[in-house]
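The same chain A turns up in both complexes below, where it pairs with chain B and then with chain C.
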Partner chain A sequence: MSAQHKMKDSIPLFVPHSFRTTESNKTGSWRFLRPRYDEKTAPCSAACPAGEDIGRIEMLTARGLFKEAWETILKENPLPAACGRVCLRPCEKECNRREFDEGIGIRTMERFLADTAARYELKPSLERLSSQNRKMAVVGAGPAGLAAAYFLTRLGYGCDVFESAPEPGGVLRYGIPAYRLPVGVLRAEIEQICGTGFNLYCQKPVTKAFLEEIQSEYDAVFLGCGRSRGVALHIAGEEAGGVEDGLQFLQKVNRGEAPSFFNAQVAVIGGGNTAVDAARTVLRLGGRPLLVYRRRREDMPAFEEEISMALEEGVQLLELWSPLRIEGKGGQYLLTLQQMKTVDTSPGERARVEPVNPQTTQELRVLHVIKAVGLEAAEEWQNPPVAQEGVLLLTNSVIVRGSPVLAYGGDLASRIKSVSHAVASGKEAAIALDILFHKGPDHVLPGLETCRVGNGSSLSMEVYMRGPRCARNRHVVTFSEINTDHFQFAPKVAQPRLLREERVSSFAEIDLRISAGLAMKEAERCFNCGLCNQCDNCRLYCPDLAVVRDNGSGGRSIDYDYCKGCGICVVECPRNAMSLEKEAPPQSRRDRREEKL
Partner chain B sequence: MKRVLEGSHSVAEAVRLAKAEVIAAYPITPQTHIVERLSDFCADGSLNARYLRVESEHSAMAALIGASSAGVRTFTATSSQGLALMHEVLHWASGARLPIVLAEVNRALAPGWNIWTDQTDSLAQRDTGWIQLYCETGQEVLDTTLQAFRLAENVSLPVMVVLDAFYLSHTYEPVDVPDQEQVDRFLPPFTPRFMLDTERPCAFNQMAPPDVYMEMRRSIQEGMEEALGRFAEMEDEFKKIFGRSYGAVEPIACEDAEIILVTSGTMSSTCRQLVKELRSRGEKVGILKIKLFRPFPAESIRRRLKTARKAAVIDRNFSFGSGGIFAGEVKAALCDIPERPVVFSFIAGLGGRDVTVGDLENIYMQTKNHDVPQQESIWTGLRPASAPAPDLKR
Partner chain C sequence: MQPEVPDRDYMFPGHVGCPGCGAAIAMRFLLKALGEKTVMVIPACCWSIIAGAYPQSALKIPVLHTAFETGGAVASGVRAALDMKGDTETTVVTWAGDGGTFDIGFQALSGAVERNEDFLYVCYDNEAYMNTGIQRSSSTPYGAWTTTTPGRDWKKMRKKNIVEALVAHRIPYAATASIAFPEDLFRKVAKAKAIKGARFIHIFASCPTGWRIPSEISVKIARMAVQTNIFPLYEVEDGLRYTINFFPKGYLVKEYFRLQGRFKHLTEKDLDQIQSMVEEDWKLLLRKAGLS
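Then we have the complex of A and B:
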């Protein structure tokens, strides 16, 4: 084991020295804790209604693998160009990086990937199951219907989509103004989805009679009719000619029939997204919009960002005033408003209001009135049934067993009415129908449970189709589980926007493109919570060289012959993609081996 | 080329000229200027070395042990608590026969917290198997650092170049900085006698059971013994190229001296002044400056001291429960010869307290006026118990 160095200059040198390998010393036998690769769930993906694998999307983006990143979105959401613009971003509210410096601009990244795919006319290569001997009808080509058709097609079903409007898209096409979602972007995205292989029939209004007529042709019908009728104000003068419905007003503008307001004062009644969109649209058409809302600004159901941009652009807001009556007078309207006060302001909930006492009113003279105080189904049969025998009430959809099976989705079946919830609804219905047809009704709920993302309600199609994401642990990674020693502070890439002055004078999209360089920089900030991005820390920090890298696949494994179970790899994993657990006692280890044999 | 250099920068210049390949260091006053200047050299490209920032002195030495085992020239610098923290790995470096060079700036150990000069930190490492060279001037610091690399690589042992805090480390002096060409002639690239080699994988320094351990220790001592002669040969070579040499010990006016002051470090310079003055008054006094402390040049010391009547060893250090460390070593070297001087041991200047010509004259007079020392070690310049202590609360 030792070697005396015979030296050129005769100075004695006796250094312990061995050429024998130490591999015979299997230090793995000392182990009582066992590390293993254990990918977990990022909080953003658990919060995403569509269950997108966001940590992985950012990882691929950071490496410049834009097509792969885009395809990773498409596994769970067919509408990244639309969602990348109008999603409420529940994911960003859960980002662990917010506790470090600033959260990741996830929506900005999604939009970047969708735009990049569109620009280079990329075609996704996604898994599609072999065709099933069943046919599905989808009523309504809004986000829910399109998602349902997309996922059902990928599960192998033949699909026919019926849409009453001249163009598909539903609320995306006719409800959301172009400055938030340009029509060209939407058309390209829908064209891309149609490439999955379903049939789309536009200007095909579905009536109750038509529904009965097609019953025998389809095994299931997905109903994503959406809310297309404005809720009434129930005040005097509401029916007077010229009082316009908010959604119909937006639809008219989106069809290209924009009126001009020439500096006219326009009252918009309501506090939801439709009201805010209508007010901002009025502004762009030259009018002076005034939002009249019966509660306070913080109670408005519209997205906070949209409200603040509206106010910044010059929309006026009148809080705690409720309309009493509308009178048409010589081409003008006299609006009588009643002052309200809050009576119950529990935090986290909309305040309850009632008229002040004694009654205080004011009169408002305006040239136009737009009401947008809520939406409902255009026809009663479009609403899902209440709980009863044969009805499965799911998170974002309702399944009614029968022949054909009816699946209600979209805004009429979801508690939260957003585009990403509509996508979630289409996906949930598609999976539920597939389970129902293959395994029977009793398996629907347990089957859905197996493809949940983390602890939330969102579902993963990739998990349902037994993709690699199946192996993911459902544990949602917390900030305290991130080893921030391996991250540096980095400023968030700000979403570039049109200037206020540019915004108010046109319907040009407000949010601007970001460059590929900026997108990669932003994606690189992502902690990739719970996911291995092959940073190699486990291998570099292992004192026993017991982490082995497979140069072919780039993956890593642990050589348990030498792993002493010190746990350094688990601690130094920046993103909690490893776990350390108690080693099974030797006795049961032998049992396990025997079991295997 | 003559330049006005801070002592710390003299070390750095020497390391640059020696073309060290790996430097690992952790900052500590009064050493920091050395590694600061070296990191500048690495940054501006005048030194092509890998500079490792580490989390402690222990890690600094551990990193150099790895680097040196891979066959490259290595350097670090430290002081006081930093050197104490390195202690465990100092043994490792010498046992593994790695020619690491360390600049150690003498600083007092805490508590009380004190950044000023005191040799106890380096002398506390005397049994670690490191060669120790003590310096007196800025020029000697530069020259000794160059010499250290050659000596270390020649005998496969690590070398500590020791210099006084502030009196040397932070004092500017004119220093002749040699040409690269001259240095290259004196110090060729390091050719390791053994090294880690991926072509032929091996392990160093594994388990050494009782049947080999003693021989290994003996081999280190043989290296140390050999280093005495090698030091002299190396200095001859150095003198040929640079025209300067220092000697393991330097006798000053010792030939006819009745009393010889034994010193080390910057205090030697103050002694030179005193001796000049005393000689002019007809006093037969000399100085023996000890540069090489490990290996201890006992034979040279015996030869220089045996003709004197008395030797006064002045220690800027103390071994608790014993005495001045140089004095103890000198006494041990002398005890076996029949004709030997009486050895007086003085303790002076601990924690950076100034040792003036007057203080040294006092030491000389005490030695002259007594036939035998009154105590084992005489502490000089202590404030009388009755004198008020300075305000420490500030």
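Then we have the complex of A and C:
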């Protein structure tokens, strides 16, 4: 100790010591590019007809915040349990991860969240506007009507829903077989939606007369009656007793009046989802279904997955044969078919077909015939009017001004007939009506434009209600904008299913639940395109310590006093939730002086 | 997804590194992993400037600025002084650029590690004398333009393999690390800190100014150097046991070269030659690791 002291005293050293930090150097003045947090739109959410915030849903799921994730769905779609089972999944086709390894199982995740919420009987806490002095009537408690009532109620309107069937749900309840959507699941979901606070009146068939009667009571009427009448084949013998309509057949089975087929050969004419559903239902009732379709398999409008499962289960498919006539003979039917050939097969479109020349026919002897070649509105007045003064033709709905205002939605007005498009039409009509009542007809189109998701046609109720989603940039993130260095290959979750043998013998649901662990793992695979998931890369790689944690929306902000604008944070952001833009030129002295004055 | 990152920083903003400076990122990561019980020796290099002019300092730990060729010697002295004071807890770190390590400081470094002095020598490698105006060093890679290898006289010699030179001294620990692989870097620094004796870490730190790249791809380019095998991540214990930490998925070196202005004169043929040189080095490394 003393030796050291002595040394220090005997050798006078001048060592200059720094005593100030570099914080007084405001290196932000060097910057000519400016990074900022800029959340953008994921391609899946722009493709979702209901405009669900899918990237955020997956982010919350990955963190185990299942209730919050479920509520995020409910902001845009009241029917996640149903859509999580039967949606045609336009979102999954646009998933950026498909270019990396495999897309995200978005529908599987939606179903998982809805089932989890139902299992724990969660009650959503959703924003609702204060009640308005207007009343709405909704005709039809199918997906479109329920969605319209749900969104109108959340916008503060009083709503009465009229349904002709004994139970709500429309096509979900009566048109879709239980092996795709179990009745119990649907009932629980509808009960949950009814908790929003609208009145539901079942077994109230709405006729034209009734509609006129209630006119004075309501400010607007939403028509979501769907299409329940089968399109005619226009062939001889089609009217013969016993030739059944596909949808009516499915409705009968769903009401519990299931016939038994005892190994009988049943011809199902058509190639849409109704035809495939009918064929698979026949199979489960003991029959031997034969699908007769005039085009090729790849032209069938039914979902590819449903077709392949149907074939796997034992449904037979007869492609390029079109029915000519049906003759009833002693409890049997003689079906005459003619062979078709394709004449125009442009890729991406359904092939055009015509009969082969010379005409080739074959005869089929079957015990039952079910036709399912398309659907139309049950009554003429249910169809929306064509474009004219006072009629607003929107993407998925038609608004007719008057007293009351008429809104046509669901399958009556959507170009694509699907459950998610029905939800989209209910939402679109609700927003359009709200704008119409508050601001007038001229504001409807521009108003709808402000709540679009990305560049697509889907709308966001959260944006309309001025939620945090408003701040999103409408730019849709592409795969090339994802920094894939920060992701690792991981296989997609495989949807567990019943075995073929288990499927054909009952109406039990085919798709099985996935575990919470699997769901979180799958959600973690999501790129969360355009959304900040607080990975902290921006802060980690900043050479200038200019990204600081704070209480801001993303949990961090950029300290422009020191940010030199190198842009590393923007490039290292794995999901393009940041942008780099030109720095505004510094104010000249004169400008500043003028500003002061 | 989120790496385990020590949250505290031992650096102040306002340092005077260029925008996108890889060396600044490297220093941030190193100090996060070492913590505050650290004394740093900085011989002449970019960081002599980045740390700020007197009376400023950008670091929250004691720093000794010293002459170019003395990194190893001064650290040995600081270690001895601390030992005299009975402080065995504090880590002594030399933080030198490639010039102060590969060229000018090599004898002091070689001497210090030969004596197995108990210190950590970290070289942040930006592949030229960047701070004095981009002059070539023995770390500058084959094919690169610098102000002293301009035009057609681009560097025709290989980059010195400094880690192998240190491994030849049979020191307890030598490793490579990259600013683009923070988890790997944190782990290696923590491991080195716990070892007694001479330790050497070679950190690849990109330089947007000298490499003629846009500053925003600074980290990306460092990552690509690893992905293309140009800068493999590995560690060597006791000069004998090799562990390769990252196995690339077959990116081509030209993807890395194409992005950089300092290589823009190279022809397709040159790039093919470089590709085979890189493959040769990789095979040699695999052999040393007992993997071929």
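To be clear about the criterion, the second predicted complex is superposed on the first by the 565 of 597 C-alpha atoms of A that agree within 3 Å, B and C clash if a C-alpha of one lies under 4 Å from a C-alpha of the other, contacts with A are read in each partner's own complex, and residues count from 1 in each chain.
Convention: contacts are C-beta pairs under 8 Å (C-beta built on N, C-alpha and C of every residue); 3 or more make two chains touch, one makes a residue touch a chain.
What you see is a predicted model, and the numbers here were worked out from it, not measured in a lab.
*Asks:* On the superposed three-chain arrangement, identify whether chain B or chain C touches more chain A residues.
*Replies:* C
*Asks:* Who does A:446 touch here: chain B (first), chain C (second), both, or neither?
*Replies:* In the superposition, A:446 contacts neither chain B nor chain C.
*Asks:* Now for A:485: first (chain B), second (chain C), both, or neither, which partner does it touch?
*Replies:* second
*Asks:* With the two structures laid over each other on chain A, which partner does A:555 touch: chain B (first), chain C (second), both, or neither?
*Replies:* In the superposition, A:555 contacts neither chain B nor chain C.
*Asks:* Output check: A:565 vs chain B and chain C. Expected answer is one of first, second, both, neither. What do you get?
*Replies:* Touch status of A:565: second partner only.
*Asks:* Quick check for you: in the superposed arrangement, does A:25 touch first (chain B), second (chain C), both or neither?
*Replies:* A:25 sits against chain C, while chain B stays out of touch.
*Asks:* According to the stated criteria, A:390 is in contact with first (chain B), second (chain C), both, or neither; which is it?
*Replies:* Neither chain B nor chain C is touched by A:390.
*Asks:* Who does A:16 touch here: chain B (first), chain C (second), both, or neither?
*Replies:* In the superposition, A:16 contacts both chain B and chain C.
*Asks:* Once chain A of both complexes is superposed, is A:524 in touch with chain B (first), chain C (second), both, or neither?
*Replies:* second
*Asks:* On the A-aligned overlay, A:546 touches which partner chain: chain B = first, chain C = second, or both, or neither?
*Replies:* After superposition on chain A, A:546 lies in contact with chain C alone.
*Asks:* Based on the A-chain superposition described above, do chain B and chain C contact any of the same residues on chain A, and if so which?
*Replies:* Comparing the two interfaces on chain A, one with chain B and one with chain C, the shared residues are 16-19, 22.
*Asks:* Using the touch rule from the top, collect the residues of chain B that touch chain A in their complex.
*Replies:* 96-97, 154-156, 193-194, 200-208, 212, 215-216, 218-219, 222-223, 226, 230
*Asks:* Provide the residue numbers of chain C that touch chain A in the complex, in ascending order.
*Replies:* So the residues of chain C touching chain A come out as 1-3, 5, 9, 11-22, 24-25, 28, 51-52, 54-58, 63, 84-85, 179-180, 182, 208, 214-220, 223.
*Asks:* Quick check on the complex: what are the chain A residues that touch chain C?
*Replies:* 4, 16-27, 30-31, 33, 483, 485-486, 524, 535-536, 540-546, 559, 561-562, 564-568, 570-572, 580
*Asks:* Mind listing the chain A positions that touch chain B in their complex?
*Replies:* 1-2, 5, 7, 9, 11-19, 22
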